[in-house]
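After this come two complexes, each holding chain A, first together with chain B and then together with chain C.
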Partner chain A sequence: MSGLMQSLRALARLKPAQKLTRDYLVSLLTAVLLALAVGAGIMLVCGHNPIEGYGALIEGALGKPRAIGNTLAKTVTLCLTGLAMSLAAKAGVFNVGGEGQLYLGAMAAAVVGAQVDAPAWLVTLLALLAAMAAGGLYALLPGALKVKWKVDEVITTIMLNSVAIYFCSYLANGPLKTAERGIATGTDSIMAEAAFTPLIKLSNLTTGVFYAAAVALIVWYVMSRSSVGFEMKLTGENDRFARYGGIRTGSLMLWAMVFSGAICGLVGMLEVFGLHKRFLTTVSNEFYFDGMLVAMIMRYSPFGVIVMSFFFAVLSIGSKSMELSAGVSSELILIVQSIIIFFMAAEGGIRKALGERAALRRARAAAGERGRG
Partner chain B sequence: MNDAATGAEIVRFSHVSKQYPGTLANDDVSLSIRRGEVFALVGENGAGKSTLMNLLYGLQAPTLGDIYIKGEKTGPQHGPESAMRMGVSMVHQHFKLVPSFTVAQNVMLGHEPRRGLFYDGREAEETVRRLSAEYGLKVEPGDVVRDLSVGIQQRVEILKALRTGADVLILDEPTAVLTPQEAEELFEVIRRVVQEKNMTVILITHRLPEVMRVSDRVGVMRRGRLEKVMETRETSEREIASLMVGRDVLFSDLPGGQAAGEERLVIRGLCALSDRGLPALRGMDLTVHAGEVVGVCGVEGNGQTELAECVAGMRPVTGGSVVLCGRDVTGQAPGRIREAGLSYIPEDRISTGVDVKASVAENLIVGKQRTPAFSRLGVHLRRGQVKKYAQELSQAFDIRTSGVDEPAGSLSGGNMQKVVLAREFSFGSPALLVCQPTRGVDIGATEFIHERIVEKRDQGCAVLLISADLDELMRLSDRLVTVFEGRVTGRFRTAEVTREEIGYYMTGGHQDTKEAEAQ
Partner chain C sequence: MGDVLNILLLQNTLRTATPVVLAALGCLMTQHVNITNIGIEGMMLTGAFFAVLGSYFAGSWVAGIACALLVGLLLGLFYYVFVIKFKSDEFIIGVALNIFAGGLTVFLLRNIFDVKGSFSDPAIVPLPTVEIPLIKDIPVIGPLLSGNTLLVYVSWLLVPVCWAFIYKTPMGFHLRASGEYPDALTAAGRSPERMKCLASVLCGLLSALAGAHLSLGYLTMFSENMSASRGYVAFACVIFGRGNPPKVFLAALLFGFIEALGLRMQKYMPSDLTAMAPYVVTVVMMVAVVLMERRKRRHAA
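Let's look at the complex of A and B:
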């Protein structure tokens, strides 16, 4: 999904911080419909029936219990990474390093899961804590650099992604490489009883979803209902004002970054304990960047992120079966997603231009009235 | 000075309107300005006076209506260049000079004299010297602009505007950054160019005393409309003020303070750097007692901003001390200083005083978000309480908003300032630091804000007032200190000092400064 990476860079430059207004949601809905229409157009040009195509997409994402399970599992990943992004961004720090934090979390969880000899529930808990600690501490570094010396966190977190990913890859290929046959690059498998159990047969949806839901709920509460969330919001919107108001903006930013990293670590742990049962170098496929995208499109509104995650999960899961059953290439969905991002990035400008034109019309009309009157 | 030859019309606005998204900045303005007059355009901030002049100068195009310069209609392609060609020049509030260039280089910018391929520095300086003598604007062509005082920089700007042989000179709030003496000199220049060169000067301002002093006619704008055009000698400050506000304004005398109480804010030898890393405070000493207002006056950029920020904890202190209510708070975080008993109204509302994206209610409770009144156990924000409190407070402070959930950025300058005031006064702090409380605030709100500050003083609060508005300082302060280049140059009881004296100390209080300028 490196095409998305490109659009992400474009969006990151905007650092949107406005509220999720009704106007914005209307624009978003329009953008989504337009993007789907363009997708339909492309299908037509390529000789497919768009109704069939989109039908296959929805069927593939929601048609069978197994499909629903996979879609929900994807929603969880998008949602947690999106919330991690939102949490930091709300406080004015831009955590682009979630991918690396996710890898380290996954690695920490895999190591605990494979090496610790304890009751299964304890192993799960320890792995959870280890993953969150790994992700959180890894986010502490760019956070501290930002707060102490004003080092741009966008640059440092992007760079630290590669460091973490290659470090984990080294571990999985070297010191921690499993002796099992048939596993190219991965660690030893975790204690089987400690892993999450599937909720729907043959799907990726496991009991891990409850942890995810709890975390999502906490993040939502902190961001939109708590005193500290209020302080974070002020810090993100205007840190000078927040400081003047007596808020300790530095430590607030740092904590936001740490928790953002911890959530990413948790996502890694969920992947390991839910799906792969060990650390694999393919544990994430730029999951964090997809989550970032959702967060930015929804302007860091926690509730919005949850809803949008589901929509993107449907697109993502459905696109594969659309390819299989309707023969429409799954890349089409990337086009649709990119068009949504394109419209949302241009949203401010388009809205302004339309507003100016409307104002001009009103002025002319008013002048006309006066002329007659 | 309105003899037959000079009374002719030079600029005419015919039913001009300018629509910005959301606001009608100019609403059907028709106005005729004559050759050889000083025309003052007055109005509160946002009344549309600068917009109107920007239309004339071609910085923006009118939405509707026509503008004529010397009888010639300006076209759709009208811009500063064609304005200048037609004889209209403008000096903006914020100077557009190249700091590292000399006076001559700045004045001749874009029209440099050449000798062959090369810039002819001597010719440029000669031209500037000639212009300088012609208009009575004393400048030294070889001086580098960044070394000059604001008053002189303004002269350079005016020379630049006059170089092209303008007939109409627009001055946008020219005295905002000047000392009384510098303003006086500017007025002389204005009179001279009008009388000797038969030029027209359009003066945008909201300072009524200078309107009365220097203008021939005055046009009052309010909410985009031109309310009335009057002969200055047939009107009064009070009448103009009423027209500006749309109702009668009575600037009643405020009661003076009682004898001052104990020391509340003691500043000793305070040193700090400016944003550019240069010394801005060089050992400032100041004491404010309970129950008094101490006014700090000085030309902008002499350390006032840094003084306020150091006291409030927003800027690192490099030397000296700040003692608040007996506690040494030097270099502490703003939150600590607030707890120690300081409320602070910063000079820059938009970037410091409020969060324009947050709602009015949120802005009003900042600093209290963890107190039991608004937070259960310091964790759960009681949003119902926040809203209720905000509604009460906006009523008490007459904050005009369509609802406390509106973003603070949607408020007018005056109402935004009331939000800051309401919040800061609600802490009941024993000391108050007030910076530029009425900058960009309309007259009605100014009255209100002044009364509140005096009320606070009468309750025994120690008030340190920093303002660029001498009238405001004279009106509110019990004592005044003048500052120049980061030091206190004079201390006075307000009742015992004249504006001229203050102006003298604001410029450094040294005789040789004046002589240097005169050369």
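Let's look at the complex of A and C:
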């Protein structure tokens, strides 16, 4: 077995892994600056001062301890969703259904938090498990369809997002609707003592961060230090080869999908127990898609995902105060973010095109020299 | 239940199916050149916005359609440049395009019309409805076939046109070849890239038209994220119909029927539950396609 493993390892090394090279990071920086410049241009066209706009953005994201807390909390959300995406993608399945898994996780956590009568720590723990189970089981369905019948998981997971969101909305508007006044669509509030406590006053950064960190550490360990992680990587890179190597690729893909869903469920639980204290239909605003894209453009590198998540968190938290104090609509940031993603997805192609043009110019210059000489 | 299952249900079916039909026709173009385009959703949304923009400022639905088509053309070219020229991951570009469209339309909505959420105004000129002289007097079929908005008829017309284009013209043959045997096409002296460009642009145009029907035909307003995953449903219809326009059309009609049924069942059931139906059906459709194909293969073997 170890001999086989070794030869597998050697072969895996032959395949040029897409890593965060220096060139790639330079491109990333260029893309970010370019996107911010486009954002500044749009602000100018709309009659705002870009310096004022971006100043308000940074002030709003990092100006006060409370703002920093919110930004860090958002970073954690993006990191976890990015991690969920990476986990599945490494094994060769695309989990685009994180949003729905997140909603179900949030709903499960809210139900446990409100209904279970037990010591506070137990309620928190049970809610955590319920949320992860809900998210994981919901990911099991598209995962099983993919593994068993090869049904394209991208479309099924996207469809299941809408199903889960409408289902949770039905529960929050119907059978589980709170009797409390002033809550339009939401469930009963959870046991107050079971909720996470803020680490920075009035901010969204709560003790839930420690749970997030623990899960992230476990996943990182499994992915990069254990043989399961290695088998997963092989499956993702070349599943036929992995199968010949004796790896049960189907069940690996399935587990990757389930854990990916479980992490999304956890994100939902963190939102409920950290922020809203109940399920609200506004529990997430496409959080999963942001994290998913961050993970993709950072090529699933853990460190890269953390740094980029922080940057995207600054943009999205800061965008609200940019709107309030500088009058620039916060959606501008969505445009800036998608420009970064466009350029990073096309990074290789653009670099090649530029390189070819430069080579052509050099060749022409050389020909010119020769002509003159 | 008599007030649910009546002729109005069929009428609604045609209306709700039309944007999906148009988007699916666009999607099957890219599918034939072997590009998995999930950016249709964003193309549709942007088309819907610019249709309203054109109609509002020029005071004419023609301008609205022209505006949407122009934007569709640009998005199609953009998609081609990024996915084919720069060889980027079509999945990432598709998702990013959808997020970009969401951001752009809301940003413009707030900066041009100064509203949040949705924009409706009497100055938006909707698409005209077409009364067909003789047919409209036939009892049951009349109200079904006559009195629909213009793009409904355009979409019906486009189904055979697209079918003929893909399966009966040399260009359609080259289009399919660029997806299936690009090397053979190159050997025949044709550029697969040019065919892929054509497919992307057609996809952009048709998706934008689907958006225009949403905001000027189906409703006369623009609201945030009004495409509501219809682009993805269109994608599923293309898979279901294996890229063959008439079959894709039937799949879209099935979707339209489910959605219309859901809308009319709201009296009896919570609207959130009925809204789930089209998406559940899409998943079932995806599974059904794979199972049918497996069975066929087993019979062949």
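We adopt the following convention: the second predicted complex is superposed on the first by the 334 of 373 C-alpha atoms of A that agree within 3 Å, B and C clash if a C-alpha of one lies under 4 Å from a C-alpha of the other, contacts with A are read in each partner's own complex, and residues count from 1 in each chain.
Assume a contact is a pair of C-beta atoms (placed from the backbone, for glycine too) under 8 Å apart; a residue touches a chain by one contact, two chains touch by 3 or more.
No experiment lies behind these values; they were computed from the predicted model shown.
Enquirer: Thinking of the overlay built on chain A, is A:I247 touched by chain B (first), by chain C (second), by both, or by neither?
Expert: So A:I247 only meets chain B here.
Enquirer: Touch test for A:G355: chain B only (first), chain C only (second), both, or neither?
Expert: A:G355 sits against chain B, while chain C stays out of touch.
Enquirer: Check the residue A:L145 against both partner chains and state whether it touches chain B (first), chain C (second), both, or neither.
Expert: In the superposition, A:L145 contacts chain C only.
Enquirer: Which one hits more chain A residues, chain B or chain C?
Expert: C
Enquirer: For A:C46, select first, second, both or neither according to whether it touches chain B, chain C, the two together, or no partner.
Expert: second
Enquirer: Tell me which partner A:S226 touches in the superposition: chain B (first), chain C (second), both or neither.
Expert: first
Enquirer: Check whether A:L332 is in contact with chain B, with chain C, with both or with neither, and answer first, second, both or neither.
Expert: Only chain C is touched by A:L332; chain B is not.
Enquirer: Show me the chain A residues, by the header's touch rule, that chain B contacts in one structure and chain C contacts in the other.
Expert: Chain A residues touching both partners: none found.
Enquirer: Any idea which chain A residues touch chain C in the complex?
Expert: Those residues of chain A that touch chain C are 42, 46, 94, 96, 145, 149-152, 154-156, 158-160, 162-163, 166-167, 169-170, 173-174, 286, 289, 292-293, 296-297, 329, 331-335, 337-339, 341-342, 345-346, 348-350, 353.
Enquirer: Quick check: in the complex, which residue numbers of chain A touch chain B?
Expert: Residue list for chain A touching chain B: 17-19, 225-231, 233-234, 237-238, 240-248, 352, 355-356, 359-360, 362-364, 367, 370.
Enquirer: Which chain B residues qualify as touching chain A in the complex?
Expert: Touch residues, chain B against chain A: 17, 19-22, 24, 28, 63-64, 312, 314, 333-335, 338-339, 344, 346, 351-358, 362, 366-367, 369-370, 374-375, 378-381, 383.
Enquirer: Would you tell me which residues of chain C are touching chain A in their complex?
Expert: My answer: residues 36, 38, 82, 85-89, 91-93, 95-97, 99-100, 102-104, 106-107, 110-111, 229, 232-233, 235-236, 239, 270, 272-273, 275-276, 279-280, 282-283, 286-287, 290-291, 294.
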